[in-house]
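First chain A sits with chain B, and in the next complex the same chain sits with chain C.
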Partner chain A sequence: MKSLAKRFSKRALFLFVLLVLACTNNPYPDADSDKKILYRSYVEAPRTLDPAVAYTTNAHAITGEVYDTLLEYHYLKRPYELIPALAAALPEVMTLNDGWTSYRFEMRKGLLYQNDPCFELDGPGHLTREVVMEDVAFELMRLADPEVNSPIVEPMSNIQGFQDFSARLMARREADPAFSEQPLPLQYAEVGPIEGAKVEGRYTLTLRVSTEYPQILYWFAMPFTAPVPWEAVEYYDGDEGRPSFSDHPVGAGPYVLSEYDKQSRFVLEANPNWYGVLHPEWKAPAATYPSEGAPGDFEAGRLDPEMVGQPLPFIERIEFSREKESIPLFNKFLQGYYDAAGVIKESFDKVIHEGGLSDSMEESGISLEKSVQPSIFYIGFNMDDATVGSEGGERSRKLRQAMSLVVDTDEYTRLFSNGRGVSAQSPLPPGLFGYDPEYVNPYRLIDLERARELLAEAGYPDGIDPETGRPLELTFDTQDTSAQGRLRFEFFTRAWRQLGINVKIEATNYNQFQEKVRNGAYQLFMWGWIADYPDPENFLFLLSSEMSRSVSDGPNTANFQNPEYDELYLEMKGLPNGPRRQEVIGEMLGILEEERPWIELTHSEAYSLFHKWLKNVKTMGMSTPMTKYRDLDHGLRAQKREAWNRPVLWPIYVGSALVVALVIPGIFTFMRERQ
Partner chain B sequence: MADWVWSNVVVALLLMGTGGVVFYARRSRMWTETFSDLWRRRRFAVLVIGFYVLVALLDSVAWVGGMDQGEDTVARYEAQSILDRLFAGSQERSYSAPFADVEFYGGAPLTHPGAHILGTDLIGRDVLYLSLKGARVALLIGGLTSLLAIPLALLFGISAGYFGGRIDDVVFFVMSTLASMPGLLLLIALIMVLGKSTVAVCFALAITGWVGFCRVVRGETFKLRELEYVSAARALGVSEFGIIVRHILPNLMHLVIITFVLMFSGLVLSEAILSWLGIGVDGSWGQMIDQARNELSRDPIVWWNIVSAGLALFGLILAVNFVGDALRDTLDPRTLRETE
Partner chain C sequence: MLNYVLRRIGYGIFVVLGVLLLLFILFFAVTTPEDVARKALGERVPVAVIEQWKVNHGYDKPLLPGPGAWRDNMLVEHYRRMLTFDFGRSDADDVPISERIKSGIGPSLALTLPLFILSLVVALPLSLLVAFFRETYIDRTGVVLAVLAMSVSILLYIIGAQYIIGRVLHWFPISGFDADPRVILRFLALPILVGLCAGIGGDLRFYRTVFLEESNTDYVRTARAKGCGEARIMSRHVFRNSLIPLLTRVVLAIPFLFMGSLLLESFFGIPGLGAITVDAIQGNDFSVLRTMVYIGSLLFVGGQILTDLSYGLVDPRVRLE
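So, the complex of A and B:
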């Protein structure tokens, strides 16, 4: 019995030591360490990957890689610039006399879709087929199809006959139930094309778009308008074990979704059929690393001569793993198991020091990339209100100007966003045409004395309302009822208390707040806007009369209505980027500066962390993935991972010794007693 | 009349009412013995509660003017309590640790170096001041809700227990219905309907909180109505109302006192939970804890907000529970039998 126990304890000890030595925290197979694989994370799987519907950043992280578009943004240049992608060149634009503008797109010849079983519908053994303009027209028809429920119907309605197609389709479906049972391409063919989307031959598409909406081009740089093969929509119907089309994207982009487990992992593999791989000799602008960029790109190593002109993509695989919690995600990034991460607020002060990386992070070879997002956060005045709105004329204008002069945005971002955010001087964020970095809004400076003077001129000396003899009372309506939200609003109300204005926070739930907005029963509110595309129109329309909440239930919640501004807006909207457009934008901003329907707060700023081995990193601000431009040094990554994750074994040895010291005598005692 | 005048009048009335109750209680041998026993056994807890009450009073007596408000010109027109006046001008820009001379992040010098015993919060408010102000809200929540819930429970409990029959059926049906609903969800729904004011929260807490005590009162009344002295009163022609007021209600008072004390701590805790869910009362400890919910995960950690609010809450609840237990030991006949 004694020898048995001895043999058992020896075996257990051997197994334990073997386990300890074999232990590693590397979540990936060793064989992958010498491959160019980008490791990323996600919190929640996208609801849909249908490019006509998907409108979230996490969905675009996949659809943006799988579906290539006719146009895309230049990777490095700022302000943002459109370049041809699947299109052979930027479209020819021709202004027609009848209020329409024509855009003629030419597609590259010889483009192929990714290999996919759905192409068997074209004939046995077919794995792919050529991308043609009919596929773009098909996708436009899907956008117009009410059953698809695309979120971009409103801007696309600027295409001639878009709404008409939608109405015809619905009428036909209602009239003939058998029609609805037919495949979509047949339904669309029977109803007839969208009048303003004319396909000529296999590679030409001419769009007729309202002259007032030249911004339509930006939508052709987003997956919504990417060519989609009808075969995929038909084949992936969710029946007979096939996934639905919303879970199985089939595109002509640089990557292919090869694994899609919503609960744990997505894998994107480089697409061997992508034109950048098949035809590097084309030197297509969206398939070759750019030779030009914005100031600072060269210094940041993004215009490395070895890289310039190289065919894309550099990275062969992208693996997304699910990380529900931010702290484990960040720890894995620090261990080298993710190549990039955001800065989590819990560790912000450890990671960031005085706007840059802390010494410990820099020593680890981590880089910080800051990018201002095309967004604006602001406090708005309800211009329909008798006290703060247009009705009050000069009195109200001076009141708004005075209130604007005491809101310290720098302090606000310091306290509530860890300093992330650029103080806004106008609605236009950096990176957009019309943004002037030298422009300082005189009413966004902090000047308490001037504010008090203005308030006195407005008829509220020391903030006293002459009607009541007490401090002027206003309400700040918000849908944020949280305790943290209250602190945020108290920051503003405290600033206005310095002027003698008593602003009361009215925090209600979302529905009650919407009710107030519908009834116009609000004075001040806080709101934000994130651009769909990088054009000043996408910000300045927020203050046009036609978008006024009280008129059309539009996003102009301030109900700002100024005929001069509207006139300039209409002119600006139709102008190409150039001196005249800049001049018009300047005049519009001048009106906003004086009228103060908003107190502009911040343009939000994203901080991203990258390991040194990840190259050519430049964040886009918008949800436009550009992984094909990135590269990585997997050798350096493997080295660093090994160095950062060497197991610290002594606590295990000490622990094991303690266990042995305590347990083994116990086992012997137990056995002795049994005997 | 201005709100603050009304507030002061209410405080004065409350003080007078408390004085009256004390005067009345001193004439009763049972209450005198009860309170002297309580004082003997739980002196420290009584003193702690006394401190909280004192702080709440300091925060309740307010008037306009008579102090320099610095840059806050609106405050000149607002009633400031004694507590507000003690901490006037203690504002900083942002976080500072207890007794610190500089801001916690950035290291900018403070306006009042070393003066913030419990530090300052995100927008620079003195944490000691906020913690002390929470006492008034806690006592208001506990007190006002109990004042709403206990009469409600007595009314329904005595009616059901004394009259029985259909009345008992109806009351029991209402009690069972309310008891079968998840308390927290009902509370949230009520606050959504009633609004987020202090009175609305007290009302919602009272609606969800009277059932338990009502059940006890009903059972006790069942027992009392069968006793000889109640039968004798009935035989002598005393009205039902008279019997309830003179014979039933006084014999339930020990239960009222015990329930009040025990319910009080439960209500203060419930408010903290509601604040955590974002539907509590402004200025409460629960709101302080909610505002500080992310501070413990900061690096370096900001601990003083949550610790101060948590300790203030813990101190009051513990003291009230000690007193409640002692009162139950003294007043509850069942525990008396056990101890004897």
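So, the complex of A and C:
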């Protein structure tokens, strides 16, 4: 019995020692503390990493690092500026006479893909191969392939023969099932290339694109059009233990996806085959830290002379850990285990004070970076509706104007987004060509008296509908059935109630809401748009007739159709940034100001927090990851982590004392019982 | 005995077949494959792509048996797949579900097995102790603490422990998981501690009641009358004779260890089967969800049969006929 007790106490002691040894809150291996590893988090794994399909920020956080593109955005300059990446220079542009414009891209020679087993398809022992223009043409054909289901078919259809290739491919597949069984490159070769995407030699691609769509170039700065090796698409088919291509990206970018466990962790490692690493002597603009930037970059330390001209990337590994809950994520950021984080609503007041960082955050060396997203959130009127739409003419216009005059966006932003957001005066967000910071939309001011006058002029004095003799009734349709959503919509309905208008909230599930939109059975709705690329066309097209939901199932859910606006839109679309374009945009905004198909609400604003050991931080706004430009001081990070996370052990001693204090009287009681 | 086991397995098969029928109604009749495809691919996907997706996932067949489709229909296919453990691919991202289950079992067991054993090791002696000191301050304090522990939501334990132990005291990571044996303990310590605290109140009250009920029986009085020591009575007589209700609770819980813990895994970032189930619910991944429900029903039936068999092992009076 005694030896049993002895053995037990030995085991208990061993367990206790083990537990004390495990007593650290560092979630990473100790050996990693002296490496340049950037720690990031994610909530949900991307559905796909296929660059032709992936369209979400979390997917681009991987595909944007793995797939390098022909062009990319300048890291520091604003407004955004395109620079060559895999391309040797920006493309030569030539306007042809027949409504087409040609873009001639030259690719750098000697570029290599990352090492990957898929290249064994080229011959035994092959680990990589040269990147050639045929790979870009192959990816363009994948975008056109209906079975790939790319979300950017519509803009890419501006390439001559894009839709025709798609139709030929589908017709061939339907006619001959054996054809579909062949490898994709063979299928594409048999159908013939896209007419307007001509490859000459190994390194030249000439595109013929509709002259009306010069914005096509922006798509060549996104992973959709990155060169993709056919071997990877063929090899990673999801059979015989191989992952599918949508889970195994193979590119020519600065990083390689070395670990991909959707449930817990992704790891990106610096790609030793990337041209910036293999050929630093090229001093390529997208592989060297820039020497120029926007005003304020020098003061913010982003143009540090020690950094300028240095070859990229600086960070050797990026680790993404899954954090489904925001509180643990934020606490780990405060402990130094994540290098950057957003501001969570639970800690907003603790972190942000009067629009800036609180003192305690500043003392910890945390910095705040605010960036207005190229986005717009708005309330839309269905212009096909008899009461609020264009059918009602002047009467409906004045109703829309009156309703616009009572929605207080500043208050809305303060209540529902902790003040994060810029009140929108037009569809164009700050940072885009055409945005005028001085412009004030007269119908976005708060003016209850003027609103009442307009409503009376519209034939609804005090909001009374003369046909019924009761307050005018409208419906606000939404797919958001949450309690928070309800509060948001009640904010608007309360504002309109000041005018005597009764707006009912019709919250339904997503499918029912979509059904209503398809059938045109809605009056007011709330919607948002985040830009694909930084051009005013990407916002102003949302109100063009050709994009009307009721006509073409396009994103113009307000069904706004105005011939004058359309004409100006077509002109603006083909113009380069300059005074004439600014003038045309001004006229377009004037039409929207008066017609009021939307009540513009906010351009959302992201607040990002960074520890001071993270350097060269500049947020991009669009989902374009630029980790290769960032650097970090891992020595300082290790030092701070050590200082911030020393285990506090006194509660163990107090707890042990309490247990002893409880047990000893128990033993006495036991002894007394036995007697 | 063999007859009994076969009969119980037979009943179990009926239960599982019934569960499969309910799953079919819920996941195929109430929610159509068209809805599932649109949820996975997006609302504005061309019809041809939806059709191809349905073919790839085996959702393109007639729903029920009928002329020309007596064998090749979704009802038969659903039963065939589930009964042969060919679960197919996830609706959300096309990953084979069996691979996902294989990768999730390890982390789930790494959490639930030590938690289960530790709960028994702590709760049983504590319950015996409070039962032994019945009607004393130790018993009363134990019961009050147990009721208190039961009254607090597990979410509060999780958030509180993450903040106090992880954030303030810096003992263990707030969340995360690494299967490396050298560091796994630091990631499991906090969720195990939380699971232990959240479960011990209920366990202690249940076991205490069982032990007290047993300690009031005639044979215990007789043992006391014969001069048998109280400690010996508790450990040799009371504990052994309380095994039937204890086994009902304990053996039934064993199969569910494989399913992991929904909340603990989700909040502590442990990539086990519990977290996979939560993800499937949140992401409308119906194929993963119905597989997890099916596996849950199999484990439940298996647990029931194991419990019955264990009665026969611990109590010679129980005859399984």
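Operating definition for what follows: the second predicted complex is superposed on the first by the 632 of 675 C-alpha atoms of A that agree within 3 Å, B and C clash if a C-alpha of one lies under 4 Å from a C-alpha of the other, contacts with A are read in each partner's own complex, and residues count from 1 in each chain.
Rule of thumb we're sticking to: a residue touches a chain if its C-beta (ideal position, glycine included) is under 8 Å from a C-beta of that chain, and two chains touch if they have at least 3 such contacts.
Everything numeric in this text was worked out from a predicted model, so none of it was measured.
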item	value
Per-residue contact with chain A, leading partner among chain C and chain B	C
Partner chain in contact with A:651 - chain B first, chain C second, else both or neither	second
Which of chain B and chain C A:415 touches, first, second, both or neither	first
Touching partner for A:481 - first (chain B), second (chain C), both, neither	first
First (chain B), second (chain C), both or neither touched by A:490	first
Touching partner for A:462 - first (chain B), second (chain C), both, neither	first
First, second, both or neither for A:498, with chain B first and chain C second	first
Touching partner for A:98 - first (chain B), second (chain C), both, neither	neither
Chain C-contacting residues of chain A that also contact chain B	327
Complex contacts: residues of chain B adjacent to chain A	71-75, 77, 93-94, 105-106, 121-123, 192, 196, 275, 278-280, 282, 287-288, 290-291, 293-294, 297-300
Footprint of chain C on chain A - complex, ascending	18-19, 22-27, 29, 44-45, 47-48, 146-147, 149, 151, 170, 238, 244, 246-247, 261-264, 321-325, 327-328, 331-332, 334-335, 337, 510-511, 514, 553, 645-648, 651, 666, 669-670, 673-674
Complex contact set, residues of chain C against chain A	35, 38, 40-46, 48-49, 52, 92-96, 100, 103-104, 129, 133, 136, 138, 159, 162-163, 166-178, 180, 183, 185-187, 189, 229-230, 266-267, 269, 271, 275-276, 279, 283
Interfacial residue positions of chain A with respect to chain B in the complex	327, 345-350, 411, 414-416, 462-463, 470-471, 481-484, 486-487, 490-491, 494, 497-502, 507, 509
